[in-house]
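Presented sequentially are two complexes of subunit A, the first with subunit B as partner and the second with subunit C.
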Partner chain A sequence: MSSAFVYRPTASPQEAANWSRRQIIATDLRTIVGRAYPRVTGLFREKSWVFFEVLLPFLATSAFVFVYRAVQAPPEYIGFVVLGGAMTAFWLNVIWMMAQQLWWEKSQGNLELYFAAPMNIMSVLFGMAFGGFVMSSTRAVAVLVVASALYGVSFAVDQWFLLIGVFFLTLAALYGLGMVLASLFLMWGREAWHLTQFLVEPVYFVSGLNFPIARLGILGSVAIALLPLAVGLDAMRQLAFADAAYPLGTPSPEIEALILVAMTVVFLLLARWTLRVLERLARKEGRLSIRWQ
Partner chain B sequence: MSGTSESQPLAIDVRGIRRVYNVKPTPVVALQGVDLAVEPGEFFGLLGPNGAGKTTLIKILTTLLLPSAGTAHIFGFDVERQTKQIRRIMNMVAGGEQSGYGILTVREQLWMFSQFYGLPSKDGWRRVDELVEAVGLGEQKEQRVSTLSTGQRQKMNFARGLLNDPWIFFLDEPTLGLDVSAARSVRELVLAWKAAVPGRTVLLTTHYMAEADELCDRIAIVDHGRILALGTPDELKKRVQRESVFRLELDRLEGGTAALKRLPGVLSAVAAAAQDESRDRQTVEVNLTLEDDAVLGTVVGALAGIGSHILALRKSEPSLEDVFVELVGRGFDEEPTDGDTPEPPAPDLTPDPRDTAHEPGEREEEEALI
Partner chain C sequence: MSGIDAPIEPGLGSPTWGGFDHSRTRGRGAADIRRSFATAARLGWLMEANWTDPILFFIYSVAKPLASALILVVMLDVISGGAKPEFRAFVVIGSALWAFVMAGIAGLAWSVLEDRERYRMLKYVYVSPSDFLVVLLGRGVARVAVGAMGALITLAVGVVALGVPFDPGTVNWPLLVVVMAIGLTSIVAVGVFMAAVCIQSRQEAWSYPEAAAGALFLISGAVFPLAVLPAPLQVIGLLTPFTWWIEGVRQALFAGSLSSVGGDGSFFALVAGHATPTTLELLAALLATGTVATLASIVAFRASDRRAKDRGLLDQTTGS
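Coming up: the complex of A and B.
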């Protein structure tokens, strides 16, 4: 029995506490994989997501498809809305499973275990993001493939690398925003639920999920400057439907890719900073445990 | 570094720790200048009622909460500034803990936590398999966490707490809400772990007297953010034990208890007839109060002189609850009277309905066979 209790014998607590740089980095990387695990596992273990997160978004997308067909909109609009429908999966994942996650972890009692463990807490957020990305990608691909096949969407891509790059940059910026929101929502406590609900529909609208954002004029430009989903989707539409008569008024995909890079950097730095502030504040005010809140 | 010597810092070194929660309308003082020194390898208990400040202290020591004043060190590492070092060598388990993800199996959940401590993936799985067997969850290891009973869940939490082979293990009311059997299993696990790794330190908070008595080398009795008394369980009990109380079962007692009362050092002797049904004979029970234990020899000699045979002898000892009552003037479950510090409003410090502590003044009996 005793052998099970001893993992790696160390001569003293001081020796056990003295980690090399390599050990620290390895722990952070393992934490990312460890924290992503429940999300990836959940994808295959809970089949109900097919109904809630593929079929329902597909129906919402279909509604817009039928509207565009009814008003005889240009055919590429069908593609715009299908692409928007696919990207919805990521936004929903970010808002419900990133922004709200730390608050939920706190209510489950996980948060204090995270903070009591030796890894960098940012790696927990990266793990959540990575797991969320895998989850949402499956859903996004399902919506994209089914809707494209059913509604006959034809893509015209000239710059594949840029399209793929913009896609991943959009996700990086989007999950970076999710990390920032996770800390903020935790600080705001019980209002997190309301904030989530408050953010879902307005962001749908100003991100132009179901129509080209150029149609929003100034509001669309502001959204492109602030919301990763808005700028990313706009760039992807321009790149995926290169031969379409895309409404003018938004920057080129190259510029939008640079905006996404800037957003990613800013959001990740901001997430790191807010997490530090949060930890300091939480330790000062005793907010890491639900039993105090 | 702080500690008893340069080479061997204290496992826990707390000096003048004060913690105030700034809540409205009045700030709550949860800890009022606590000093504590726990040696490496000790099993140390913080015993006190809900609201005493035990959890606040454990949260400070586990780096989850900052003290308002004072200093605290774990093996020489400062809880305010050297959090990473402390987190590498400690772990914690709390009672009623619902951590993790119900969708995962026991193995998967523990493996996930092993990754947070940097165990290589394969090592993590191997260690998890060893630990689930060690805590008696071998049959449940592929079961989803959401389907575990409360007792099984706490065993899993205990395994989680041992994943990183901690040098100091914080147990915050670990048997809270468990039934008698599950609580005993958890206590046995703690003792088995402690026996397997004698150099490791445990800080246990509990409001179960018997638990503290059974497990701890030393105990601090806390109430309203202060340490009221500190010592081994025996030392604490001796503080309220002013005489020795024995219960004797005799085959007969010629001349009644008067013969015993005349002996020097015997304060009282009260007889009660007892029927030993298993042996179908009449026996005599005598409750004997002596000035101190040494007088017992005189009594035994005198009984032999009058032809009485001692069938059984038990020593009655005061419980830790008696110590608490003596120190505070009220029992664990009793509300503070006027003049006491008000209870903090924080939920982590509120009374727990599952409290099953002994009644105030109840005495525990320790059997000594002769």
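Coming up: the complex of A and C.
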């Protein structure tokens, strides 16, 4: 089978610019692989991340375990903390390495190259998301496995398929939100950095990272409607600790899975739309490059 | 007027006798340090605060520590239903003080990463006549100030809305001043250490300072008494200055509050023979651990500095 990228003599530049469907798809797939590559390869290039991104976050999660131990909380609450600690890896990846990334690329002078290259910019975002997912999974798995073993967390899962489905739906919605934020952060400029800070602990709080979100009442309901981390965590807790005396007040895991599906679709469409708007605005106002370039 | 004819700024021309003035290369000692520090601090503050209006900046600065405190408050309330007010005060005070630690540790390290990876100015700053460490300290001051604001607001919210008992008449001001001075020095020292780590690392090191602060959170008695931890972790905790700083501020501001260091079954009580540390013990431990941390961080920074020059890390930019 011939490659989609093989040289093809054409009569005019206009003809050369007319790509076949196959060429377009192949280029976008290459873009995804190319953009994911540095994130995946980076894992093997500099090993310090094992200490800083696996061991230290595990210790931070442990601090919350000991808070519950200090007040003699029921054992399932330790499990809530461990599950929450594992999921923070994905949230941090979404806001630090998805939401901020386009702005970061602009600062480094890469953004104009992205827009000038013959590819769909959504492919770049998908590549970043895939690479980020691989990076974060290592941390999440390490926290989940080590903390569960060390603190004696016992999971009671009745519906494995639903649990796995909810997990992947949560990730899809999270990275979809990251794609939307990537465009918005690019427009907001320096505020993006502060917004990233703003989206850590306050989001942990309203998402009920270490406690059942039902405790937050109306605020929790709003979070479930808007934040993938909140709804995904709540559904996974209900499914992973099926025998726990779980506070009532949140939708069933099935309903929450549907909320996640809706969030994924909305965020991906929104990301596509915001990217187009952004590209148009940026081209019109000359904001693809930084001022001092 | 051509460039050659332009008047020479005072102090920048050749000496009147026409030779080379060696004293210029030595700089002006303390005056240069003061000027470098003040300029870096001003620059750091402008970079932190000049992008928005003060109200929005205030919200961003306060939301993080306040949310941290609220997470812990809700965690306690879920279990105890508000039946342990002394523990609620304990976590509010601890998480408010931790805002200082986060800001101090992250501020210096992020200055390195910002200047190297984002603005690509680190090499120019490095070769300027200013001492690099002094510039870094100045840049970090702005973030410590923001952290201080967050800590104060969190404490205020704790006192006004979350039932933290506070009586201004019982505050031990001399103790507060001393522990704050030594504690902040220790925080900045650990920040210098993290800056040394980040010089060696790549762009993703943005999250390293917070990860380090999160790990120290476990062993510093910030949000639960050290007695809950296994004995080896308690020992490590007692060797960090933050543990003694937090305990000192608690004793100074909230006399008679729950001790994070001592208590029944704690390693401290086992060794010292009494449940809570005296003021003298506390100050001696804070001074000793703070001094060791400061000296160790300076040694680590100098070593990192040499290695960075050797391997060309001062102008590297990475991406992923």
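Following the convention adopted for this analysis, the second predicted complex is superposed on the first by the 277 of 293 C-alpha atoms of A that agree within 3 Å, B and C clash if a C-alpha of one lies under 4 Å from a C-alpha of the other, contacts with A are read in each partner's own complex, and residues count from 1 in each chain.
Keep this in mind: contacts are C-beta pairs under 8 Å (C-beta built on N, C-alpha and C of every residue); 3 or more make two chains touch, one makes a residue touch a chain.
All figures in this text were calculated on a predicted structure; none of them were measured in a lab.
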{"item": "Touched partner set for A:R8, first subunit B, second subunit C, both or neither", "value": "first"}
{"item": "First (subunit B), second (subunit C), both or neither touched by A:E201", "value": "second"}
{"item": "Touching partner for A:R283 - first (subunit B), second (subunit C), both, neither", "value": "first"}
{"item": "First (subunit B), second (subunit C), both or neither touched by A:G42", "value": "both"}
{"item": "Partner chain in contact with A:Q108 - subunit B first, subunit C second, else both or neither", "value": "both"}
{"item": "First, second, both or neither for A:Y68, with subunit B first and subunit C second", "value": "second"}
{"item": "Those residues of subunit A which subunit B touches in one complex and subunit C touches in the other", "value": "38, 42, 46, 108, 110"}
{"item": "In the complex with subunit A, residue positions of subunit B that touch it", "value": "11, 21-22, 40, 55-56, 59, 62-66, 75-77, 84-92, 94, 97-101, 103-104, 108, 111-121, 123, 127, 130-131, 133-134, 162-165, 167-168, 192-193, 195-197, 346-348"}
{"item": "Residues on subunit A engaged by subunit C in the complex (per definition of touch)", "value": "38-39, 42, 46, 48-49, 52-53, 55-57, 59-60, 62-64, 66-74, 77, 92, 96-97, 104-105, 107-108, 110, 131, 189-191, 194-195, 197-198, 200-202, 204-205, 209-212, 215-216, 247"}
{"item": "Sites on subunit C touched by subunit A in the complex", "value": "51-52, 57, 59-60, 63-65, 67-68, 70-72, 74-80, 84, 87, 91, 117-119, 201-202, 204-208, 211-212, 214-215, 217-218, 222-225, 228-229, 317, 319-320"}
{"item": "Residues on subunit A engaged by subunit B in the complex (per definition of touch)", "value": "1-8, 10, 13-14, 16-19, 23, 26-27, 30-31, 33-35, 37-38, 41-42, 45-46, 108-110, 112-119, 124, 283-286, 288-289, 291-293"}
